[in-house]
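Chain naming follows the written order as A, B, C and D, and within any one chain the residues start at number 1.
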Amino acid sequence: MDGILTILLFFPLLAGLLGFVVNKDSIRAYGIAVASIEFLLSLWLWMSFDVTHAGFQFVENIPLVSDFGISYYVGVDGISLFIIIMATLMTLIGIIALNIKKDIKNLIITLLFLEVAMVGVFISLDAILFYLFWEFSLVPMLYIIGAWGGERRLYAAIKFFLYTFTGSLIMLVGMLYVAYVYHSVSGSWSFAITDWYALILPLDVEKWLFWAFFLGFAIKVPMFPFHTWLPYAHGQAPTVGSVILAAVLLKMGTYGFIRFSLPMFPDASVLYITPVAILAIIMIIYTAMVAYAQEDMKQTIAYSSVSHMGVIIIGTFAMNAEGITGSVFLMLSHGIVSGALFLLVGSIYDRRHTKLMSEFGGLASVMPKYAVIYGIMLMASVGLPLTIGFVGEYLSLAGFYKISPIMTVLAGTSIILGAVYMLNLYKRSFFGPVTHEANATLNDLDGKELAALVPLVLIVVWLGVYPKPVLVPIDNSVKALTSFMHEKAQTRVAKATIVVSKKNKEMK
Amino acid sequence: MENLVYIALFAPLAGSLFAALFGMSKKNIITGIVTSTLIFISFVASAILFSHVMTVGPVHVRMMDWIMAGDMLIPFGFLVDQISVTMMTVVTLVSTVVHIYSNGYMDHDKSFNRFFSYLSAFVFSMMVLVMSDNFLGLFIGWEGVGVCSWLLIGFWYHKEDVSREVNPSISPSWAANEAFIMNRIADLGMLVGIFILYWNVGSLQYDVVFAALPNLSDGILVAAAVALFIGAMGKSAQFPLHTWLTDAMEGPTPVSALIHAATMVTAGVFLVIRANPLYSMEAVHWVSYFIAALGTFVAVFAASMALVNRDLKRIIAFSTLSQLGYMFAAAGLGAYWIALFHLAAHAFFKALLFLGAGNVMHAMDGELDIFKMGGLKKVMRWTYLYMGVASLALSGIGIAGIGFAGYFSKDAIIEVAFNEHTYVLWTILVLTAGLTAFYSFRQVFLTFHGNERYHALGIHPHEMYGYVLVALSPLAILAVVAGFYKDWFEHFVTKLLPEYHMSEHTHHIAWILGLLVIAFAVGGIVLAYIKYNRGLKRNEKLERSFVYRLLSNQYYIPIFYEKTISKPYAALSRFSWGTVDQKVVDATVDGIGKFIKTTGDTTRKIQTGNLSDYLRWMAGGALLLVAIAFVAFKLSQGAH
Amino acid sequence: MVMIAFYFFAVLITLLFLVTVMSKNVLYAMTSLAAGMVLISGLFFILGADFLGAVQLIVYVGAVMALYSFAMMFFDMSKDVKEKNGSAATVFVLGGAIALMLVVVFSAPVIGQGVSSLYPEAAGATNPQAVGLVLFTKYLVPFEVAAVMLLVAMISGIILAGKKMDASLSTTEEEIPEMTQGGEK
Amino acid sequence: MIGLGHYLILSGILFSIGLVGVLRRKNLLMLFFATEIMLNAVNIAFAAISNHYHDMAGQMFAFFVIAVAASEVAVGLGLLVILYKKYGTLDLDAYTVMRG
């Protein structure tokens, strides 16, 4: 099926536009239906995906502005495939769990538009197209935070927008410069990243471009010290906003590193492993500590999210297939787990209208189902084997060990510090006697919430025990990436650092 | 045989999931029966596998692939050889007894079903740990038992935090978190060990790794050995990561018996035994010696704390710690099979001891202070017998080849220490044997002999249910007879583990050494008898002395940790959040925003609203632009 | 001859435009502006752009000036214009500086090298012919667009000026909103 | 001989006169006059350059400038009429709606 990506991209757009004429009472059902269809479409994409093939598939290339080499150029490989599926899944889950009465029609339409942007980012193979969707994704999110958020929503929304926007502008400059270099080398304009891959840049140009792209991606991730927009955004966003922000939007940054920085600037990437890794380690340890100091449950999870993103960065810069595969897998697991955790915080907030841990205590006795699901997600978050969290974290750290054992140990403190703040959160909220009157009569999770959370629990266990169907396609593409980087690298150091895996294992 | 492997492995999981179905409903005796039966089935399967391994040889199955990335391929593979089958049998046997016991012990608990779900899940994790054929599979079980331990220590999660003076463990949930986090610290070491092996060998399968060891450089071997041992230290609660074990006594007593005495805490010893080809390498000689020395230190260190403790379960916990020290001493000195033997024997009598303590606790309405007991032997005849047997076994009583299980295993370890010419270790171990006997019987005498101090509390103790007592009998029998199988066991496991031979010299004077140890042990018992048989005579002066307070406060180590690690960490966290994050990082960002805003505010005055003014600005700007363009053009022309 | 004509026109135009800019009387200003426009067409004739000169006369002097004079009838312009011309120094400095700048730019020999003719004049054709040739080939689309633009401008001029033609000139502020509302209906 | 430079300098001077008018005058109608002066100044430059290179493009631009100027006058005067109706004056200083 050739046009599948186009369908995947434009279906929510059309459905969102149609949503304006749907009756207010049936908009919820409409939203769930559309998101389900979109999710099924993405599953269909996976079914028709050739897992033995490492390159881009379902490629469509229609010139838009041929004078400047801008085209509607889309395709997926193993790296983006599963992030797309996760994006559609989390949108569906977010809409199912939606517990907002105010202006729900606009909210659902906004979410559908956001889905377009997310899918668009991950399927674009044209830099301008990528940039377009990258920026477009800000608008619905800005709207979600600003219109349905908490008390300081405007501050949070504007901070989110301006901060990420600033970063991406610098990235745009980088992109234009790459295109300019491409033009001066080949004589024609092209924004297709496959063309850019083939471009061998002079070393000093590579260095500058690396940092230009780095800034755009790092703010999105968000890397220390560019992370301060995130707690505000999460703190003020409605549940569904936090879920999608944590699950998908942050992944755009790390995905950018893998899609752009690594293959385009292999030498600079290798050269700057140490500074980037130091930032990532600071991010892991420091934000884990900050997470421990939080009183607000949602803020703890927001900071934990930053801390885990640090491990993803570590894996990305491992420069071998183990680490990069691990970081891609960790993106998926982090998306699902932190998404679920935000949903869980949302459910308790709906009941008690507070997120402060000191207001809770003893919830395990009152809401056992809630406590069980929370416990599973918590364990997945701290990387327990046989849950989804372990595979990615293990591979990322294992991969980076090849680069630097010392830094791996420092980054590995993530598993200790993660346990510290997560267990502290769990103990304070769920254990002990029920101290507040209001908590004694709380209802356990209802059908709607279970419908949203149970699938995530199943995925967490399934991919923890049997990650192979996901891991193998990712791994194939990543191996192709590493061997490409190895080929392209100009310096001796880079050639030595980038490890090429022996051979692609066959799928059994 | 493959099916048996799967049955042995997955029967506990099935039981756990079954019990989990009823996890949130009220007590249902069926869950207890079903899980116990399934564990028993697992035991039977393990026993059959045992005989299979003995007669035919190891079984190796590979279920499916787990992680595939880069050149890393990690399967779910299970290896049933002499080491693992011994562990499997011991684990399932003790588990079966503990499951049956729990039916009686937990019968009034409202979370009965949940308990069995956790307990069976633990057995499953433990089986994964011992059966896995690669290091990462072992790590699955390693973490799995950690989580189950967390769940079970914090089983009575609804209890409130209290101060350290009232309850040294603060609360079950606190103790659970402490155990989990301490284990995590060690797990990081273990993960690093795994990374080292992977990047230098390219595989994590035991056979591949062990075959490749001779090709590795000394530094790598030492690093791997140290890193793996750090992992072992956490799980086996070796100093300085030992504080969680006594706090873990907050869990229900069957849990203490199964997890924190018989099985999980021995996982560290198991790891060292499993990785014996690594620890036997000449290059890691010093690491092995360090293991032995640390083990010896922990043996006497824990025994000293047990001397003065008043909490029935904590005394046994300290003794567990002490015995783990013995095991590490043996393993570190190269006598792996003896370590394994002591592990198995210890599992039997220590589980028995704990379950007996559970009976006492059940009878005493949860009271654990031995100073408030006494004279219980009249009402708890069987429990008295069991605990007496277990204490004798723990003290290693026996002579001339006849004796309790502990006599054979512990004696052998002490003999090894002598044989290796590590006389300092030997001396300490002999001394510890005396201490062990003393504190074991101090506890027995204070609990069962002397005046009946519990009357003051208004408690009417009663014996445990009959079926529970029957269920304990296998352990009691094994605590008595297990030692007689020493030679047979040696023959069995040394097919895989390196043999260990005493030198001629040691062999000749072995009986003298044995006699010396027995003398110490008997001396300890006699001392305890003299001091405590007639009842409790408190010595206020002694209790106020520095040494006594040092020991009863566990050398102030928990407080030290709290003061130097937890509190500063919390303070630093708050500093990072309040000052660094809010006032530095975020304030910088906001500062940039504010600067732009102020600039805008200031320059807003230009916006007079008068078109003429705007036109003037525009003209000025145009002039400037033209000037710049002209100058730039001129300059660029000049450059060419 | 050309030199004399050029200087004649140049001086006159400059003077006339100065009058336009400085005069307080709108009528004087407009008259001198119209005169300046006529003289500019003279410059065009000198430059050989006959057609352009003709268009200049027709459009500027004919149409635009007529429009201005009609517009003036709307306003009360018989009196002198009263203005607050503060800080004349700034204005003259700015104007002078720009003039100087332009003079320097134009007199500096920085342009003129390597410029080749994009649409050379057709050989042997008269100027109007040449204009027609280029205008209806290369510039056909802009030409048509300009035509549409003029049409739009004409209609909008009529509508804007023609609204409430019958209302008195002392229309008060309140009536403007009404007008926009009326437009929406 | 009169060269391109003469015309350009004349154009520049006329442009500056227009500019001075634009800057100095406060009456909107006078501003319009000044704008016309500037447009015409540019036209002279176009015509001169067209003549210099024997290229019709300059004249074409001048034509379009004239077209734009004509449209501007039509629309602009319409707007002036409305403004005059609203404020009763054409003095720029009276319009301060855009004050920041």
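Going forward, a contact is a pair of C-beta atoms (placed from the backbone, for glycine too) under 8 Å apart; a residue touches a chain by one contact, two chains touch by 3 or more.
Bear in mind the structure is a predicted one, so any value in this text is a computation, not a measurement.
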Original post:
Chains still linked by touching once chain B is gone?
Top reply: A | C, D
Original post:
So which one's got more C-beta contacts, A-B or B-D?
Top reply: A-B
**OP:** From the Cα centroids, identify the chain that ends up most central relative to all protein Cα atoms.
**Re:** A
Original post:
Between chain A and chain B, what is the separation of their C-alpha centroids in Å?
Top reply: 36
Subject >> Cα-centroid distance, chain A relative to chain C, in whole angstrom >> reply: 59
Original post:
Roughly how many whole angstrom separate the Cα centroids of chain B and chain D?
Top reply: 90
Subject >> Cα-centroid distance, chain A relative to chain D, in whole angstrom >> reply: 56
Subject >> Touching two or more other chains - residue numbers and ranges from chain A >> reply: none
Subject >> Numbers and ranges of chain C residues touching at least 2 other chains >> reply: 90-91, 94-95, 98, 102, 105
Original post:
Do you know which chain D residues sit against two or more other chains?
Top reply: 19, 23, 26, 93
**OP:** Could you list each pair of chains that touch one another?
**Re:** A-B, B-C, B-D, C-D
Original post:
Contact residues on chain C for chain B in the complex?
Top reply: 90-91, 94-95, 97-98, 101-102, 104-105, 108, 110
Subject >> Interfacial residue positions of chain B with respect to chain D in the complex >> reply: 604-612, 615-616, 619
Subject >> Residues of chain C defined as touching chain D within the complex >> reply: 2-3, 6, 10, 13-14, 17-18, 20-21, 26, 29-30, 33, 36-37, 40, 43-44, 47-49, 51-52, 55-56, 59-60, 63-64, 67-68, 71-72, 74-75, 77, 81-85, 88, 90-92, 94-96, 98-99, 102-103, 105-107, 112, 115, 117-121, 130-131, 133-135, 138-139, 142, 146, 149-150, 152-154, 156-161, 163-164, 167, 169-171, 173, 176
Original post:
If you look only at chain D, which of its residues touch chain C in the complex?
Top reply: 1-2, 4-21, 23-27, 29-30, 32-34, 36-37, 40, 43-44, 47-48, 50-51, 53-57, 59-60, 62-64, 66-75, 77-82, 84-86, 88, 90-91, 93
**OP:** Please name which positions on chain D make contact with chain B in the complex.
**Re:** 19, 22-23, 26, 92-93, 95-100
